[in-house]
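As written, the chains take the letters A, B, C and D, and residue 1 is the first residue of each chain.
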Amino acid sequence: MTLEAYLLLALLLFSMGLYAVLARHNLIAILIGVELMLNAANINFLAFNYFLHLDPAMAQIIVLFVIGLAAAEAAIALAIILKLYRKHQSIDVDAMRELRG
Amino acid sequence: MNIAFTLPFAVIVIGAFLAVTRSNILHAVFGLAISLVGVAGAFLALGSPFTAVMEVLIYVGGIAVTMIFAVMLSSVSSPAERGGFLRKSLAALVAGLFLAGGSLIIVNADFGAGNHLSTDAWSIQAVGRDLLDRFNLAFESLSLVLLLAIVGAIVIVRREPVLPADQDDAPEEEAA
Amino acid sequence: MSHSTLGLICLLAPLTAFFTALVGFRNNHRAAMATVLLSGLASALCALLLLAQHSPQPELVTRSWIHAGGVDIYFGLLLDGKTLIMGAVVAVITLCIQTYSLNYMATDPGRGRFFAFLALFEWAMLCFVYSPSLMQTFVFWELVGLASFFLIGFWYSKPSAVAAAKKAFIMTRIGDVGLFIGLILLFQSTHTLDILRLNATHFETTRIELITLLLFVGIVGKSAQFPLHTWLPDAMEGPTPVSALLHSATMVAAGVFLFARFHNLFMQAELTLTIVLCIATFTAVLSSTMAMVAKDMKRVLAYSSISQLGFMLMGLGAGSLFAGYFHLVTHAVFKALLFLCAGAYIHHYETNDIIAIGRAGGRKLRIVTAGLVIGGAALAGLPPLAGFFSKELIIGSLGHGHPRIFVIGALLASFMTAYYTFRMIFLVTRPNADSEASPDQEAPDHEADDHHAEGSLLPTHAPIVLLTLGAIGLGFLGDSIARLLGQSAHHPALAEMAPAIGVACFGVLLAWLDFGRSAAAQNGFVSRMPAVRRLFEQGWYLDALYKKLFVGLAQAIAGLLFGLENRGFDGGADGIASGTRAAGRTAAKAQTGRLQLYIGTSILLFAAAALYIGLGASR
Amino acid sequence: MNQPMLFVPEFALLAGVLLLFACTALGASQRTTWLVSTLSALAVVVACLWGLGLDGEPFFPGIYRVDAFSQLFKLGVAVALALCVLISQQSASMRSLSRVDAHFFFFMSALGMMMLASATELLTLYIALELSAYGLYILAALHRHERIGGESAAKYILFGAAASAVSLYGISMIFGAAHSTYVAAVASSPMSPMLLFGIVLTLAGLLFKLAAFPVHAWAPDAYQGAPHEGAAFLGSASKVAAVAVLLRVLSLAGADAEQLQTMLLVISVASMTLGNLAAMVQKDFKRLLGFSAVAHAGYLLIGLAVLSPLGAASAIFYVLTYVPIILCAFIVVSAVSKHGRNPAIADLAGLYKRSPLLALVLLVAMFGLAGIPPTPGLAGKWFLFSAAIDAGFLWLVLVAAVNATVSLYYYLRVVKEAYLTPPEGYEDIRLSPAFTMASVFAMLLVFFTGFYPGPVFQLAKEAAIALGL
């Protein structure tokens, strides 16, 4: 397989994540979209490293860190979503339209 | 077609498709988990078993499960995805444009002579050494990030006690 | 005392007084007023001493402020002929007006604050006048505008006052944009901020035309020239002492002073000078027509200010620094006098309407009436009063090598000035209850309701008397002023003066026929032509036009951008303000509250940019 | 200089983090925590002042740079931190349970921002970016009026997460095109479509932090929905860090990236115009500040977009002097706020009578934002505009000058409310010593930089030179 195939796969994954972010009502579903986008970037890193054999450790470390960051981000985001649910009794993005104008 | 590529490819796309389209949020989380397992497969195919294991452990084991918890805590039945054809098509349009444009860049890119399959064996030892050497600072900061996230998550979801009518501390609502 | 000490006292006294009065004596009006008055006295004394001790060479008293990009920016004082004269005029007139305000504002609940802002105004103007560098000039130019905003809007409970303050601020800011860019361009071309060195620069390129034109845009805004003049009549909403200050030695004078300051630069730009002459002449004529029909005493004076500012710019634009500058000085004195007199009438009879004042027995205020007549005669340019000499010089300077049209315009404006000034004087002094004229029922109300403290009249009369003396005597000081400016005074021959004197006398005569003689209908020749009267009264409909134009423009843009219907424009406010606010409302609507719309737009735009840039690089 | 010494500001901050973590864990009282936090913040400021002259690379080469550039930004962050901590003694706008913990997040986030200023490797930079952002997300979620607070925090974090994902994708492209994540290596690698694609996508996440168009929409919401002290931190320190990291990444592109410059100019104009127009019709004071922050992002981008040392120096000067000015505004917000509610502009009525000092602070803040002397707002605009004209962008200066005019309108509306409207129905405000101290300190900073911009501009120039643009 070629590098381009992997890059296109990552791009496809990214676009699907983007679609979820833009189209879904549920805040958790939006978060899922973000996770997909992050994973697309991860595939990119490893693919570049593997095909262009840049640096034996760097890409793996980046991927490792991104996974860790994603976990932290998800924890905070879920906490905020949970809190929002308690107040609004809803996690629909359309319920959040008080702040505007 | 190479099975090492097509299998993860299929799993990723099917999983992501589920994650993106299922209106039941629990199904969507399962879709995400499937997709991430596929990503782990891709990592494996890209010669990095270590990250593949981590992906499954942290993502599928950690993040996806946390999400399921959150779903359970917030509501068993997710909000119905009402109508929203316009929103979906606009989202699809933006995502599609990004896809098309990105592929244009990728297909036209020139990666030079080095673009071929690597045969280097990637050692976990190198990763471990670099973590404590070159990426020492990043590594330490990551631990701070995790600490911050844990404390933060606890602080955010902690319930505010309903205090007696103390002048200053009484919880007040903004005027509706 | 050394010059630097005097200068510093002159500049720092008002500032100290401002802070003391504003912060220290918040609730003690008496102390606040006393502080400000003392500071005004100190400044005036120092300015006069500085003038008395002037040396032929320009003197710099500066402190370096910042050194950036090889350029030293400093603050301080530049003492040369121009600044010394103007500084003295500003300080003395401000002192007069502060004294006058003691009575005028005696019962106003906010008088402490009023005096504090007067001090701020004086400080800003003095720093502007004495400025040795471009940076300081611009900074205090802005502060002058800011202080006037506070003073015009002083009676904030009156919506019209707030609207007028806003309008004054916005209109002058339009000009300031031009000025700012002009100053930056000037700096870019010369790499110096030093005013003396700037004035000595000789420009080879036509860039000077652009620079001076931009500077002139700022002057047009500040000195209320067409097409940005509409703020000045509305600025009457402030207390009368403010109008007196604004129209004589400060605010509007700042624009003309800036022109005089950079006279050398303007002299290098042929095209700009022509434009200046055109606009100034047009303004002088235009605003005189409006003054001929106004019934509000302050409004008559306001229109006359605009036209006199036009005169000054004509003189300067015609190349005669001395003529324009001299008129700036004399006008400052007699216009301050006229406003103080108007204030005294308004205060006493509680109306702004000239006819009503006359019928109520205006001439019984003898000192005030004497001041009004002498100040009016000076404004009309009757010899041998102050206005005569300076106006004569301007018309004389226009006669040399300039198209006839400007002289004709000047004579026309001069005639109308004499006519409307004496119309005002006759209406006040020779009221005729049987005449056709009627007090304007729709005339704006008199000013505040309850400032009726008949204390000692000295604070009211002393400044009027002093300024009356100035209006009589200042005309004979032309030679010394010319010497200070380093110019030779040009004494026109009698034959040259004849047309100007002629039209002025003709104007007075016509005013006598229309208003003065006992059988007069007191209904001017203009009023007998209703269409023309309407036109003049409405200020040639310029306000309405601007409002339509700006609101329409904003609506068009808003509609174009977002395809939303426009609604809820504020009817009362100024067209520009409401137009911009409408655009603001539309812009705020773009914040829809929809998270996904935000993210989608962002990603779309960034991806588009990324593609454009990325693919652009491959070609 | 031995290596640990290079790290003194960060160490000081880290010590503060640990102390505050101990406070949180041991359940210290609000007052104790505040004292610990204030003293630590002061120590950080001192450490940063001491560290101004440091130069070196304390780790593996190319990862982390300590130089005039980074140290100046660290000082800016430290000052913002100290002032924000100082005014959070009461934190009436925060949930009562979180008032102790909030200090921990301030410090954590500040640590991330300091690392942003020094990071010269994209992974480190990304982690620092996230560290600083997470602290802000958490802070934004702590408003006691949870309806607004929750909504703004959710929007902020989801928008932020999406932006940082795009950014990471961009970094992966840079990695692929330049074969490295070291800034130095990327800067010296040949330009390719993919590299530019990556840089632009990366910029999306960084411009998000600056709140520039089109990634600005979170700013007004977050300003409005975050507790006052959190919003203050968001508006000051975060802006400083954003400028630092943007300058660092833009130096990647080199001076000849014309299309990139065009993009930044468009963003600059759009930001200032949109921010100023929308700010005009706001009623909530904090929301007004949020839109004004968008406008100021536009002004700052003038300096960044010209891609010249002078432009960089003016942007640095502008953002550093912006810190005390915007904090003045937030001091007023915090002091005027009743029961932790957001003050509307109408709530400022008669402030001059209710608390003269506060009214003066407000005046200074509004004059500073509007660019009226004697605040450094004018000198900052002057520098930015001259840099733009030097680079030949007269039209940009024209647009910016018109914008500055428009902005005066709403800043003066606030001043008018405070000085000219009678204080009917509002009671006097008694300032606590902490507020008085913070006010005086912030105003001193404003006046000092306003009257003597020279020294700060000199530092900014040295920083720009150290950046090597």
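By our rule, a residue touches a chain if its C-beta (ideal position, glycine included) is under 8 Å from a C-beta of that chain, and two chains touch if they have at least 3 such contacts.
Small disclaimer: the values here were computed from a predicted structure and weren't measured.
Centroid analysis (C-alpha atoms only) places C farthest from chain B.
The chain occupying the central position, as judged from C-alpha centroids, is D. Comparing chain pairs C-D and A-C by the number of C-beta pairs in contact, the larger count belongs to C-D. With centres taken as mean Cα positions, chain D sits 41 Å from chain C.
Centre-to-centre separation of chain A and chain C, using mean CA positions: 62 Å. Here the spacing of chain B and chain C, counted between their Cα centres, is 65 Å.
If you average the CA atoms of chain A and of chain D, the two centres end up 26 Å from each other. Among the residues of chain B, those in touch with two or more other chains are 87, 90-91, 94, 98, 102, 105-106, 108-109, 111, 135, 138, 142, 145, 148-149, 152, 156. Counting only residues that touch two or more partner chains, chain C has 588, 591, 595-596, 599-600, 603, 607, 610-611, 614-615, 618. Taken residue by residue, chain A touches two or more other chains at 7, 14, 17-18, 21-23, 30-31, 33, 42, 52, 58-59, 61, 65, 69, 72-73, 76, 79-81, 83, 86, 96, 98-99, 101, whereas all remaining positions touch fewer.
The touching residues of chain D, counted against chain B in their complex, run 17, 21, 24, 59-60, 63-64, 92, 95-98, 101, 104-105, 108, 111-112, 115, 123-124, 127-128, 130-131, 134-135, 137-138, 141-142, 144-148, 176-177, 192-194, 197, 339, 341. Taken in their complex, chain C has these residues touching chain D: 23, 26, 65-69, 135, 139, 142-143, 146, 149-150, 153, 156, 162, 166, 169-170, 173-174, 176-177, 180-181, 184-185, 187-188, 577, 580-581, 583-588, 590-591, 595, 598-599, 601-603, 605-607, 609-618. By the touch criterion given at the top, residues 87, 90-91, 94, 97-98, 101-102, 104-105, 108 of chain B touch chain C in their complex.
For chain B in complex with chain D, the touching residues are 102, 105-106, 108-111, 133-138, 141-142, 144-145, 147-149, 151-152, 155-156, 158, 160-161, 163, 168-174. Residues of chain C that touch chain B in their complex: 596, 600, 603-604, 607-608, 610-611, 614-615, 618.
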